[in-house]
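The structures come next, written out as structure tokens.
Next come two complexes, and both contain subunit A; in the first it sits with subunit B, in the second with subunit C.
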Partner chain A sequence: MAGFLIRRLLNALLVLAGVVTLTFCLMRFTEGDPATIIALDKNGSVLISGEVIERLAEKNGLHDPIHIQYLNWWRRVLHGDLGNSLRSDAPVWDEITERFPYTLQLAVLSILITSLIAVPLGICAAVHRGRLVDRITQWIASVTVSVPDYYLAIVLIYALAVKWTLLPAYGCGTAAHFILPLLVLVTAKIGYTTRIVSATTVDLLSSQYVAYAELRGIPKCRIFYVHILKNAMIPILTHISLQFLMALEGSVIVESIFAWPGIGKCMTDSVLGRDFTMIQGLVLFMAVLIVGMNLVVDLFYMFINQRVQYDGGGAKP
Partner chain B sequence: MTLLKKPYVLFLLLLMVLAVGGDSFAPNDPFQTHIDQRLSPPSVDYLFGTDELGRCMFSRLIYSVRISLGLAASILVICLVTGTCIGMVSGYFGGLIDEILMRATDMIMALPSFIVAMVLIGALGAGLGNMIFVFALTGWTRYARLTRSLVINIRNENYVVTARLTGLQSFYILRKYILPAIVRPLIVLGTLGMGMMILMTSSMSFLGLGITEPTPDWGAMLSNGTTYIRTAAYLAIFPGILICLTVLSFNLLGEELKGEKK
Partner chain C sequence: MPVSIDEEQKNIMKKIFVFILTVLLLIVIVTVFRTNDSAEAERDVLTIATGRDATNITNYSPKGMWEPAALIYETLVNLDAACNPVPCLAETWEVSDDGRSYLFHLRKGVVFQDGTPFDADAVKENVVKLKHDNWSTIGELLAHVNVMGPHTVEFVLTRPHPTLFTELAASTCGIISPSVIVPESESKKPAMEMMKENAGKNDGNKMAMTETSSTPADPGHIVSRPVGTGPYAWNEDRHLRNRCFSVIRNDSYWQGTPRFSRIDWEVIPDASARAIALESGKVDLTGETPNGTLNLENIKLLKKNETFSITTADNWGARLVIVNHTRPPFDDPEVRSALKYAIDVSAIQKLLGDTATICPGPLGPTSPLTDPSLSLYEYDVEKARSILDAKDIVDTNGDGIREYGGKELSISIVSGKVPTVSVLMREFFREIGIDLTIDQKESGSTFQVLAQMQFDIAIHNNIPSFYLNLSQQFSKNGGRWSLNIDDPDLERAIEKYEKSTDMETYRKYAWEIQRRVHELEIILFAVNERKVAAYRKELGNFVFPPEEWVGADQNLWNMK
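Up next is the complex of A and B:
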């Protein structure tokens, strides 16, 4: 177990090191030389003298050999200095910490609401397998995974904000602003989550130890609450925590549509505006979040599910 | 041929005909602008109305089938081929190769593919070729995983062991004995993956990072339509319905194929 822990931590560090290297390469992937890009972004004109470009290159250390630049990038990352935005000149780190709470609000609320609806519904569908509830959830799942979230958002804006002007369509501030983005995020995930919950419960219902418990004459409701529900919680909780990562990904589209000032919107704006220092910072920030979250999920899984053997590598089927 | 009776299969066939036939089915030229008839609502001449430059929406939608479906399909084919090759090598040979390949797969799977694609598009620039590249870069992993587990299940079957004992080369065994046995589940996953790929590529175009004007693409047309949602909502509604129906059809077909296997 300790071996697994160490290997898991090393793996996480390796991924992070890879991300730092990749973000360094990002500027070099782009067409044209970095100093010109910075100059263009700062001044927004094509008519920039070579002198300005030269000065910018000097200031940003772009004349150093590539390995020195790489080491400098590492040093800055470790000191938490992600540079300044090419657009607004504000420090990237400040911008991220200012915007992240908005994304977190949406993510946490949407996961909470989804779970509150999907878990009881999924368990209900599993218990009444093949009946009306089951078939309805199946249909809801099929339809909701097929509707792109941006389309859902547009239809909702059209119906609730344009036609009937019930809710504000853009921005954030009041509680009413939360409704539309949350509606989109919850609808997009609810069908899928319900199916996962119901599939997990169905598996458990048909397992041998439940049959054995029935044979021993344990009352049905006790079997349900103690034997089934307790064991179903492990995969369900794992899935819900993984949804946090999906929420991060989903935030890009939803925040862009509803002009929600979180990091997803920031991402879209930076990519569209070719604000490369901002992109670097955001990618690093998200990578740390994702790696950390995966680590927590794995540790949680290991902790709660001690039946699993972590004998490392080998060709597991 | 019970599949042919399903409405979603017929719909997909229709889409394929439109993708191949494309422009010859369009009643008007999808690129021809009529500035005097801009944003006109659906009528007999323009079945789905016209956009802000007076281009026929119906013709543009028909023409866009080739672009949007073709893009998703080409990414999917690349992912399937790459993933299958990597998964077969990994599962069949095992050992160090397996370890390295699967570590790499795990690492890529841990990344949010849409954000990676977005950042790379930002660096490389928009366009069809770049779109295919950035989505293929992260998309192959699920096929590699599935292939690997399928290969591990059958690599010690009698017929494979016998083939190995008769001294056949590994490449020959993989191609002639293993590939045919695993192709079915891969097709199922591929069909389900097609829906997902359409969603991802159209989202990218929706954000203005994928296929851009004047080429008609579902996501780009929808994003364009949202600008006029107060005056001409049909511009956003029709492409959206088309995306939903297409993705739903692919998903239903995938589920159907998956059920048949059992």
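Up next is the complex of A and C:
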């Protein structure tokens, strides 16, 4: 176990260095002069001179050779400083800690609600395969997968916030503000999750060991909970953890439409605005989070299924 | 086992009870949510939807403050609807005959929102300390700032600059309380601590005559807190980063009592969501600044709704649709003119509706330098075809596309995020046998492509400084934004334009530049994106200032 953890931590460090280096290179080789883009973004529709752009580039070391910029960034990070945003001048760490809790709230709640609805629904559809419940579930899954987030969000705001004035149209702060963004996020996830749960359960229901257990006269209830559900949890958990990781990166659409001050919109704006320090800080933060989450999920596998062992390169069922 | 009637009734009652309880619970939840929202409806407070947080928490310079800067800070002069300078913090002024000296007589009795008196020293401190920040465009022109008396200040320029008043009216040149202009190294201290330390440093109106050069401009100064002389003061308590920000009424404002007790901005990044927020009654106004623009569909819907008013206004600048005159066959002005005849500008105008005005030259219809004699070309496909035929650019293989230099004439247009105009142009050019492909790029990449002239046709981004500085774009020595036009007549006009000492001469040569560029057929047409504000009708009448850099929200304080 200790050996496994050490190996995973070393791997994690390599992954982090790789991700950050790749992001650094990709951003630097993207078209466009970052100093101009940032200067225009900062100053907006006001008079802007070449001198302003030059000063901005000089101040932020954008004229330095790429390898110097790269080393400087790592030097700062190793001293615990992610730097300041080139666009807002705010410390990157402050921006992340300010925005991330909002994204985390939505991510946790949306995954929780999706799981609470999709897992029983998927299992129910699998157990009653071919019957009305299954058909209705499949239909719900198809519809929710097909409806675009943006469209659904606008329709929901129009109906529930403008026409019936039941809920706030945008913003955050009260419990009511969560309802519309969560409705959109859960709707987007529920279809996929239901289908994954249903397909996994159907596979297990038709497996040989389940048939053997039935022949041995084991009660159906015990077969379901002990043999089917326990085995089904690994792919389901994998899917849900992936969905959760994706949710942690924030939803640009939901954050833009509902004015939710999360991390997704910040990431998109930073990429479009060539805010290098912000992008690198965000990528490093997300990479640490994702690598950490993967480790936690691996440990969960071990916890829910004792047959999973950790040997050599990773988990072996 | 049979169930007794009593038990059955009990079960039914139980179900009904659970149902009623659930319904009641839902009603309570919904009512609580609704109450929370309606509590926000204060009509003395104006709420505006914008697309981004207006502030930069480490520096409250008006340059980075967007919307609230126009209400917190005031400038020496303002502009009237005809773009003439009118008094603001400067009551009167005198300009020397050589156009290099501007003597401003400042308004007496004005105080900053922190109690610091507004005087000539305050103006000088602003210009000297923030020369490289919000005064950077004027800073390079200034040779000296001389304090001639407690309320008299002189700006001495290195060369005449006829548009100085227009630039002084920009919200970036808002005058900041000297007590909050601090060295960057002190910016880590809490704002209140810095204010205490700086209080009193600027007391006393002493006669002084100092050159800006003798007080070295410190590029390391920042504005630690937004404090100006304007009708509203920054409301730190209601600033939630990336969510909302606010200003409160300045009760001691020198022009009278501002109409709203408070103005709040809600940050809503999506344009449709901003329009819906307006419809839902959560906000009163949106669309008035470049941060919060609405899209065409939203504007159409809001126009149909009688509850709202829409105010539109032209900008000074325009997005130029330009052809790369350095690439053959478009190095020939006649071939370029064929492209102009092939474009049906009325169709483009119809497509863009009220959100834009199509112009023949680089400036919008309301700019003080626009040459009124320029006109758009008539749509004439036959003429376009005949020009290309005469230049021996013909379709030899019958595939509908003309050949040039042994190859099919296939060109591309560098377009922004929404290539609606480009799609229409592709159809126009196909009519004359030119294949146009759309090269869609995000704005960051477009700048580089334009600066390096790596395009056939491009929609040139609107750089506001071009509005009044035509030499940057049209002189071959114009720097990074130059279109590399090699034309002696144009260079001569630009030289005279730059040496003009008065506005009349400046305008005369600005017109000459525009005419020459028009003759060179480099600008196919220009899109002047209009400002559109949507607001609740009962608010009154929203009036745009003559140009957006003046600060679109400037007139909100006394909105009639």
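Note that the second predicted complex is superposed on the first by the 229 of 317 C-alpha atoms of A that agree within 3 Å, B and C clash if a C-alpha of one lies under 4 Å from a C-alpha of the other, contacts with A are read in each partner's own complex, and residues count from 1 in each chain.
One rule holds in what follows: contacts are C-beta pairs under 8 Å (C-beta built on N, C-alpha and C of every residue); 3 or more make two chains touch, one makes a residue touch a chain.
As the structure is a prediction and not an experimental result, all values here were calculated from the model.
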item: Contacts of A:Arg274 with subunit B and subunit C, given as first, second, both or neither; value: both
item: First, second, both or neither for A:Leu237, with subunit B first and subunit C second; value: neither
item: Touched partner set for A:Leu167, first subunit B, second subunit C, both or neither; value: second
item: Partner chain(s) touched by A:Val127 [first = subunit B, second = subunit C, both, neither]; value: neither
item: First, second, both or neither for A:Tyr158, with subunit B first and subunit C second; value: both
item: First, second, both or neither for A:Ser142, with subunit B first and subunit C second; value: first
item: First (subunit B), second (subunit C), both or neither touched by A:Pro261; value: second
item: Which superposed partner A:Leu183 touches (first subunit B, second subunit C, both, neither); value: neither
item: Residues of subunit A contacting subunit B in one complex and subunit C in the other; value: 30-31, 154, 157-158, 162, 256-257, 272, 274
item: In the complex, subunit C residues that touch subunit A; value: 30, 33-34, 36-37, 53, 56-59, 63-64, 66, 132, 136-137, 140, 167, 170-172, 219, 240-244, 266-270, 272-273, 276-277, 279-280, 282, 290-291, 441-449, 451, 463-465, 479-480, 548-549
item: Subunit B-touching residues of subunit A, taken from the complex the two chains share; value: 15, 18, 26, 29-31, 142-143, 145-151, 154-155, 157-158, 162, 245, 248-249, 252-253, 256-257, 267-268, 270-272, 274, 276, 279, 283, 286-287, 290-291, 294, 313, 315, 317
item: Subunit B to subunit A touching residues, read off their complex; value: 91, 94, 98-99, 107, 110-112, 114-115, 118-125, 149, 152-153, 195, 199, 202-203, 206-209, 219, 222-223, 225-226, 229-230, 233, 236-237, 240, 243-244, 247-248, 251-252, 255
item: Residues of subunit A defined as touching subunit C within the complex; value: 30-34, 36-37, 40, 42-53, 55, 84, 88-90, 98-99, 154, 157-158, 161-162, 165-172, 174-176, 255-259, 261, 265-266, 272-274
